[in-house]
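Next up: some structures, all given as structure tokens.
Shared between the two complexes below is subunit A, which has subunit B as its partner in the first and subunit C in the second.
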Partner chain A sequence: MGETGQVTFAMQTFERIHPVEFQRRFLSQSTRHTGREFMQFRSLQVIKGAISTAQGSATVRLGNTTVVCGIKAEVCEPDVKTPSSGYLTTNIELSPMCSARFRPGAPSDEAQVASEHIHRLSAHLLDLTHLCIEKGRAAWSLSADIVCLKHDGNVLDAAVIALVAALEDLRLPRAEFDSATGMVSAERTMGHVEVQRRLFPATFTLVDDVYVVADADDAEEQMAAASLLVVMDADGKLANIWKRGAGVMSKENIELCVQAAGVRMAEIAKALQ
Partner chain B sequence: MSRPDRREASQLRALNCSLGQLNRADGSAQFSAGNTSVVSGIYGPVEAKVYEEKLDRAVVEVKFRPDIGAPTTKDKWMESAIRNTFEREILAHLHPRTLVQIVVQLREGDGSVDSAAINATSLALVDAGIPLKCMVTAATCAVLSDDTTVVDPTQEEIDAARSTHTFAFASGSPTGPLYVDSRGEFTMDEYNHCYDLCALATERVLAFMRTAIEGKVTKEAKISAA
Partner chain C sequence: MSLNITDRRRINGPQRSVEPVYTTTSPVDAFAAGGRMDGRALDQVRPIFIKTGPLDAQSLSAAAPSGSAYYEQGKIRVSCAVYGPRQGRKSSNNARMGTFDCDFKYAPFSCSWKRSHVKTSDEKEIALMLEQAVAPAIRLDAYPKASVDAFVTVIESDGKAATIAAAINCISAALADAGIELYDSVAACSMSLHSEQWVSDCSQIEENASSCSLLVARMPSADEVTYLLQHGKTTPEQTQQAIQTCANDCTRVYAVICRYLQATLE
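Up next is the complex of A and B:
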């Protein structure tokens, strides 16, 4: 007890017992509990090729959020409908390892929705005809597994960046199809697969129904009313605008977010180098 | 460029809806635009399971069933889109510790399925008498390869489109969209153009839905008076 009869806590105690009020005190002063500005993203670090057993891999750290993407390549028969295309399948795993929010067992709804959304985004990342080995007989099937190691908010951004980085790191052996035996033989020489459309994601979160902040961390995501994912490509064109959550974001706010995403693009491009 | 079904660029497909077709549900509606057809059933407010109930409000649960096969992650995605759209529009605090279950069954998907599902659910919620802040209506636009923008595209048009845009709006609150999903390759100008077109299209859908509800209510009033 203080002299005025007010209860006083250490800052950490206040954060624990009144998490929403704690955040509000910062937001109402136009700042954030980590000291960032509203439209400031966390620092981004991309490490390509960390996993030697995968054909392509990348580790992405976005502040304290860490995701790893590994791409495994297998040879399989192409789909009858698209005989000269290979496959790219994506999956994101949010296990109990990354946050106490997730339970072991079947993937949570959140993970399934994120997986599906990344799958939709990945549609034009590669020109799938480059994965063809022999038309109608053999093609590369790439499976990109994105695993979240530390969940401190905005996993979707980190996952998309990791996927793009891992695809850029991807090396496939030059493969030959032998029509006599029906076998595919791989050579020692490795080749790149060109990334057709690089994607640059940026997420903005409507916190407490009032404040729009970029790249929310876990504490801010807990009180999010809505979040807006803006994905741009290297030409500065938009690839996706997707609003999640029930809160209403005004048209003007969405336009501001798209502008900020354009600025963010340069930062991501730099980190991907 | 003319459209495969000879519609004008800003013309919706023939809309059709009927309320209260399912007799075991608390409310239901079928909504179709051309060949795309969706049935939505509402069960609620019903007792919530102990682990999911919320002390101060009703829980909103959405199940989306595809027309063919078992549900996949695609359908999970759709469930989350529908839940996000309606979570705030349902006055959940009026029914604390209960569950409102929305079951959406796709009958036939020929493009613009997400907007049809939102429209059907909106009608079904009204039919079930669940208290709502307002009606929600959705519309889809597509920008084709020749830069023309068409409203309410069919699957054929979506497959050939450069980008597709779906927006949902709450009636009488023009502050912003409740639901946004824009995909493909597009510029901000195209996005804004589609936003305006969808906003206009949802007004027409809303007027249609109002007529349908009025028709049903008048019919019921006549029956109860007789």
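Up next is the complex of A and C:
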């Protein structure tokens, strides 16, 4: 017992018993529990092409958060409404393997929402007409699956970066459609698919209704009132802004975040090299 | 070929998609000129790499697994997370022993064909195999009413029996990382029969060319076999010889796992 009658705890015990109070001790001093600045992102590492069974792959490590994106290419008939386009479907898998917060079985609400948003973002990454093999008869169907291996907050950023990197790594075989047999034959020589528009995500979280921090880890996400995803493209233009949560973020905060996202863009571009 | 069931909870692609027919597939002879494709000896296991625990132990989330391991063996990549001992999901009648549950999943991009997102019976069968192989090593009587859960995801697969062996090894490493009380680590290895010759640790191409495959999981210190599975046609003498060789391979794999685990203590 301290002299003033306060109860003192060992740091780890305090973190377990009063996680919110623990975080507040740091945030009120304008720092974070890992020693980062408010607008400081974690170190980013991108490894492309590690998986030989996938036509395109990338592993992204953002602090402790690790995601793997693998792209499998198959051949299909194009949609009647878009006879010269292929398909790009993206799904993120948040399983109990990455965090105890997820239950085994069907995708949780969080995973469904994340998959839907990433799919919407991916619409402009590729020119789908480049996936056409034979108009109206055959096209490539790319299925990009993002598996989260370790979850320590900010999976969305890591997932988008992994998707862009995997698409850049993608190698498609040269394919030919035989109208007599209706079969598509392919050679093993691989061609590149051009990523039309590179996207650079940055997530900011409103913690404890007051503090805006960049790239929140799991402990900070648990205290989040709202979060803001800012996606820039290679020209420095805004591709997407998505604010989730009921917390109120001021206009000044949002402008600050957009500025910080521009800075983050350079860091991501370097890691994607 | 994948007949894509419309999964209401996922983004779906086209109803039906197939792999293209590759024109330049001349059947690859995996054992041409007496040697193996990657230059290994017939009794040589692929090099193993294991990384246990989180990348940055300083900032660990409260929901992180008790133990985790990332395992590579040649091209095979497996990741495992272990939770426990934690409260058992079912209030079991046998309150004196804990339970060990295993969950196994291939990532959709892990095999040469696209795998379904939904767990197939194949994966459920392998999950049971993993439970049977690893459960004897865990001191479940030390964790009454508790449950130890392992979740395994295969990121890249190269040879079915070899991948299952890799999964067993990965779970062993993760359990040790989680600090679960074990009698011993379980090490597993696989072999395939090709032209009357047993070959250790076969890749997918080599397995396709074989007539029989064998998987052995063993606790070397206790000198006990926890799991044994053979697929294919052999004579009893051939199988007996193979089990002996495979058990020795398991001991070698065990030494590698132990060395990696020891390195984390330094």
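The criterion applied here is as follows: the second predicted complex is superposed on the first by the 269 of 273 C-alpha atoms of A that agree within 3 Å, B and C clash if a C-alpha of one lies under 4 Å from a C-alpha of the other, contacts with A are read in each partner's own complex, and residues count from 1 in each chain.
Keep this in mind: contacts are C-beta pairs under 8 Å (C-beta built on N, C-alpha and C of every residue); 3 or more make two chains touch, one makes a residue touch a chain.
This one's a predicted model, so the numbers in the text were calculated from it and none came from an experiment.
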Report task. Have a look at subunit B and subunit C on subunit A after the superposition and call it: clash or fit. Result -> fit
**Report entry** Superposition-derived comparison: subunit B or subunit C, residues of subunit A touched
**Finding:** C
Query raised in the report: When the two structures are overlaid on chain A, which partner does A:129 contact: first (subunit B), second (subunit C), both, or neither?
Result: neither
Requested in this report: Based on the superposed arrangement, let me know which partner A:249 touches: subunit B (first), subunit C (second), both, or neither?
Outcome: first
Query raised in the report: Of the partners subunit B and subunit C, which touch A:13 in the superposed model: first, second, both, neither?
Result: neither
Query raised in the report: In the superposed arrangement, which partner chain does A:112 touch: subunit B (first), subunit C (second), both, or neither?
Result: both
Query raised in the report: Which partner does A:89 contact after superposing on A: first (subunit B), second (subunit C), both, neither?
Result: second
Query raised in the report: Touch check for A:141: first (subunit B), second (subunit C), both, or neither?
Result: second
Query raised in the report: In the superposed arrangement, which partner chain does A:185 touch: subunit B (first), subunit C (second), both, or neither?
Result: second
**Report entry** First (subunit B), second (subunit C), both or neither touched by A:217
**Finding:** second
**Report entry** subunit A as apex of subunit B and subunit C, Cα-centre angle in degrees (nearest 10)
**Finding:** 130
Report summary line: Rounded to whole Å, the nearest C-alpha atoms of subunit B and subunit C in the superposition sit apart by 5
Query raised in the report: Do subunit B and subunit C touch any of the same residues on subunit A, and if so, which?
Result: 112, 115-116, 119
Report summary line: The subunit C residues in contact with subunit A across the complex are 2, 9-14, 16-24, 54-56, 58-65, 68, 70, 75, 77, 79-81, 83, 103, 105, 107-112, 114, 117, 149, 151-153, 155-158
Query raised in the report: Given the complex with subunit A, which residues does subunit B contribute to the contact?
Result: 73-74, 76-77, 79-80, 84-88, 170, 173, 175-188, 191, 195
Report summary line: Note: in the complex, subunit A contacts subunit C through residues 16, 19, 33-34, 50-54, 57, 61, 63-64, 66, 68, 70-72, 74-77, 79, 87, 89-91, 93, 95-101, 104, 106-107, 112, 115-116, 119, 141, 143, 145, 147, 149-153, 173, 175, 183-188, 217-219, 222
Report summary line: So, in the complex, the side of subunit A touching subunit B is made of residues 109, 112-113, 115-117, 119-120, 124, 226, 228, 233, 237-251, 253-255, 258
